[in-house]
């Protein structure tokens, strides 16, 4: 019955953001666009909040796939940015793998567009090389729900773990006391229901500052 | 066959934001919270962009209903703000009606929480007094889709017109040339798919500046 | 553009509960059973809270349709209870119509099972005789959503108004100050999200007593 | 009870295709993209089959909205093509209205992207000037189903008739004998289930040639 | 407020079954096929139970549209059967209209495939000639829900009433005592939940014979 | 990569129908009742067609759970019928297990109401004793889709195979030539779309008799 | 093929209720709130009915997360109640684990809010220490269905079993005769369809008392 | 943690198209027909583009199942075409297996109608003989989503990998530079959103020719 809990670790995790490009985003129809944009930005914010090494990659940016979401580039100005010249599976690009290896970390938190290709292919490759893979399901998107289910099935059969960004954040944080305001800001900025709770609480009790107004 | 087109007019429209309060927002389940928050902020931004007179009102802010969304208050620091002491139908509050009358305008653009009460009651009252009413459907929320349908049915039977915020913006703008950058910023900030189009376009052609990164 | 607002009035409204019987309830599949049971009990509670005259009626209780929900009978021990010997349209039963006429009221708040028959038939009959009809949509149920839509279409074309129980309660209450605790108890007992708001508020501020624990 | 049947007439109908542009199409999320593309091409094919005058218009083709679907331009090389310099409501563009008036026809068959703006605005304007308006609902698209419902509500309240392309084709055709092969080709090319019926029938009985293989 | 209740009358109603053909049925995707087949047979059974004059018509039976459902032909061996040589709108076929006129009745209960064509076209024609039209919504089918909604909108705007077969049966029956066993058999044969109620009731109390086992 | 194909075998399969009782059926809301009734009867027909040993069992028939569907009893008058006096897991009833053992077969085809209890419990027990278990998913029902998914997850983790009745029939039949008319009758009686295909085919070609009209 | 059936045992099971707090409940959107509240109270009632040791825990009750549902506290006044000072994973709190160990039991029945964090984290930790984990799926809630699916996937991959509260109750009860009235009360109080069956049965046969009226 | 990545290989893959017949296609209701037709043609196009050996098979073409989609036959005039005389599982047909063996390949890409029979049976047989099986989920169809889920569960438990056609294409292509125009044509012809991206890109930048207009 015993099975070890493969748990995200602040010292082992690296974030991979794959092909969140303006053109490819128009293919994503298994998530509402407002929610999807919010989720992707939440992953970026959590990577920054937890100071995780983060690697960006794109496919054919100068073609119809379009440029990377400008917010991602702005958020990680110094992160490795691998503009792949043609490889569909990012793992086939030596620079991408080298950037991961340079971190010395073994837990890959991966999100991308589209799920069954840009996420699943490197996920399967990484598992084959002994990495632990955590797919950020809600910051990865694809054509429709049935495609998503098939992609999830293929990845979980290989041992990938499926997590939404909120679970990733909570598993990394472990204890609210590590940085209450930091985590509160993250959830307030990206979970409207949580923001409302904080707004009401602050009005009544004060003490925990309401997050800054959203743009 | 002829029926006059009752069309929004920059000189006749006033925006009414009713009970977008942190507590009441947790009742809204006919729209995804990410999308709903975005839509409400879009209405606020369009009211500001078109310099429409805007009136805020709340119900029992100091109780469980909670405070108004801070972003709304921040956006309209000088707008009439009617904190109703108990009236459920805002139209039963004389200050609210007086604030509308003070604008001298006859077209009410109304959004609120929850749709069948905080929007429908004043909408029906206003129609009875000869106002034209335009309900911003996607910035109004309620318990579930069936409740929404019933609320829409009651309001349309009385003559209210149902519009999403994008239609409101377009009907007021009339011509892109009126202010191309202004409208582009509005849609880029609140329609992720449009933002992506602009991002790709700008990368290829330049000329129309991409909107600022979102928060 | 002017259209009079036909508004529920505490002195004109009467509540009609039609055929909420244990057997017939198994036919209802356009609403989740937990939600439906809650909505029907909410209508009963609001009728009691506002002291509205209430009339119960059933069809063939001793047959497969089954007995009325025991909670309704327990709630209104002295209300007129018309066990119809065979008429499908309750309005075809003279005792039912007589009970309504005895109240001297002109606004009928009606809910029942199934919507397109037990609600729609008496609603159409009542409108033909000059009554105002308000259908409590969420305390009325039927086979599926498409049947519901057709039933709503037929009733609204005849002039019936569609309202959920919460809108009915709010339109009758008009002002929270009329009886804050009474309305708070009603919504706390039947809207879990509202109950949560009150629970949190009470814990922080106190003053408004949390409703009693549910059964 | 009598109400005249406002019926599409081969001699009165004109087809208006509004803003089916490559960029704007990425905003359409109330219909699956495969189905939507098929429906738009079906309208184009029916316009050609019935030799209806057809008018194309676009908004800001050279900007992010993108060029018109190339198939539409290829289908109607000689049709009036009004590239609007800025007017959002095509009816505000004098060339567009002039092109309609030049046909001398009074029945407008209109489809476009997005429904609540590019379709609804000219529809309401045309009705106000006494035209009959028939909205091709399934060749018009928008952000989501709730936006579509609001747009349909606004247009039907003004007197527009909602029809899918198949109903339009059948109402124009009136009798299969008018051109059996023509109509069979149209439905075989755009309704896969119908194509299958024809394939099976042809294999068994022969006589009615199966349509050409799709691309 | 008064509006006459246009109510189905055993002496005025005639049933029109339009194009329920084996081929065309494969186009129906707004209802589950098990439910749809059951609903169509229920309409046939109710027509027989209430001894309503019934008229069958088909379009191109010998082509891909396929033959009428054999159960319908078997149920009404002596009913007028108009195999239309090409008219899409059955009302354009003089024999069809003559068969209706021969009944001397003014209330048309109509069902067919597909809703927006085979039902809507004759419905609109009949209303224009002063008939009352009752559409059996759940025994009429079409491509998808959005097409259905548009078709319903067009018909209700013209004055058609939307009813499911159960409402039709109940409005015609008026009183269970008219023929308890007859109506119980009808609902037991076509509403599984009702059949279960009767099965349980009969086992406990006896007296009302359970309907015969289904095929 | 090799994994043996555990395939249904006419000589090893036995059918278990668990608690398809009139009362319990009202709990089933993850399938439409028309479809569910049809599926259960299809399993009964396939058991008879393939002459598989079949075992019926019920729980508390004389109480609120109600009697077994009369059609099942009528179909298998001589089958073992175990009315369990109280055991919820049928496998806890020695007579039930003895009836299975008496067949000498090792493949259990099981369907029942509700899925997570009446199907899952004996399925898990049987697997623990070395039987192969095939769950007829579409003839098993429960409260809602989420409950179904959890039940399926628990059973598949233990090694149960999920199959709809059509797959069961096809895997047992193996070759249409084994009995073309028999399988055609089965699918014609329980798959309306297949019936339509046969109706159209027969009308055009003849030779394969259309199934008898449904009740 | 043999796999042991890991079955809930009255002497081994302990119930863990994690973070059912008034604020956090507003985050739950994968279940209707009426149903969710009912399910959580059902788990509480079943824990009491089966006299299972029960442990409550909360996260930051005095902050925006809000207090525990008052009904839970009232139901288990003497249960261990661990108000965690900051640990997100309850298993990281030594008092929580100590309370479990103090029971000497090895089967954990766990429910909580939100599923992927407050349920999944301790579930994975407990499995790693050799406990059997049974997740009460319908008394655990989260942001949306896709998040739920990912959370279920992660837990089942580790060996957790997914069960709704009704399956838990039935697996613990094993035989209706253990306490017929007790189980009947539980299901009557929390499954409206079952309550209806009992109401009808009691009216016809008597003997099994109908449960008390709900609040 | 390491698990080998079983990856599609241009030299090992063979495409099996099973029973895409005009009659059987009317059974498919888990995918919209427009999308399904498109997906099947996309698989055909990708097989041709990658020059993969392709094998066609049908069941009872001359009966109600109907002829193979004419487009498939036209696309692969020289491919092995096995018209099975009766075997339901194509793997039971020696010619079919021989055709596969003749290719010398070990990776089977399989699509068909219906999923749980025509795809699952040969998939399970092939896995038992040591082949790698890749199911093209979106070019395989069946009665409804629940049937599909059960079929997927059975196949994945045996080791089949689920992929949509786009993932298949991308995994075979590996690098855009292998043939940019070829892959661009494939996605432009079968993914309308991708076509739109290419249309817009081409208009702005030129260089990559837009695909030919669709039929």
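Letters A, B, C, D, E, F, G and H name the chains as they come in the text, with residue numbers starting at 1 for each one.
Throughout what follows, contacts are C-beta pairs under 8 Å (C-beta built on N, C-alpha and C of every residue); 3 or more make two chains touch, one makes a residue touch a chain.
Chains and their UniProt names: A, B, C, D, E, F, G, H = Hydrolase.
Here the structure is a predicted model, which means the values were calculated and not measured.
The minimum number of touch steps separating chain D from chain G is 2. In terms of the distance between Cα centroids, chain F is separated most widely from B. Comparing chain pairs F-G and D-F, the larger number of C-beta contacts belongs to F-G.
Chain centres were defined as the mean of their Cα atoms; on that basis the chain farthest from chain H turns out to be C. With centres set at the average Cα position, the gap from chain B to chain E is 44 Å. Note: centroid distance chain A to chain G, computed from Cα atoms, is 31 Å.
The multi-chain contact residues of chain E, meaning those touching 2 or more other chains, are 23, 26, 32-33, 66, 191, 193, 196-197, 200-201. Residues 6, 23, 26-27, 59-60, 63-66, 85-89, 92, 114, 116-117, 120-121, 124-125, 127-132, 143, 146-147, 149-151, 153-154, 157-159 of chain F touch chain G in their complex. Those residues of chain D that touch chain F in the shared complex are 197, 200-201, 204-205.
By the touch criterion given at the top, residues 1-5, 7, 30-31, 137-138, 145, 148, 152, 156, 161-164, 166-167, 170-171, 173-178, 191, 193-194, 196-198, 200-201, 208 of chain G touch chain F in their complex.
On chain F, the positions that touch chain E within their shared complex are 22-23, 25-26, 32-38, 41, 66-67, 69-71, 74, 189, 191-193, 195-197, 199-200, 203, 210, 212-215.
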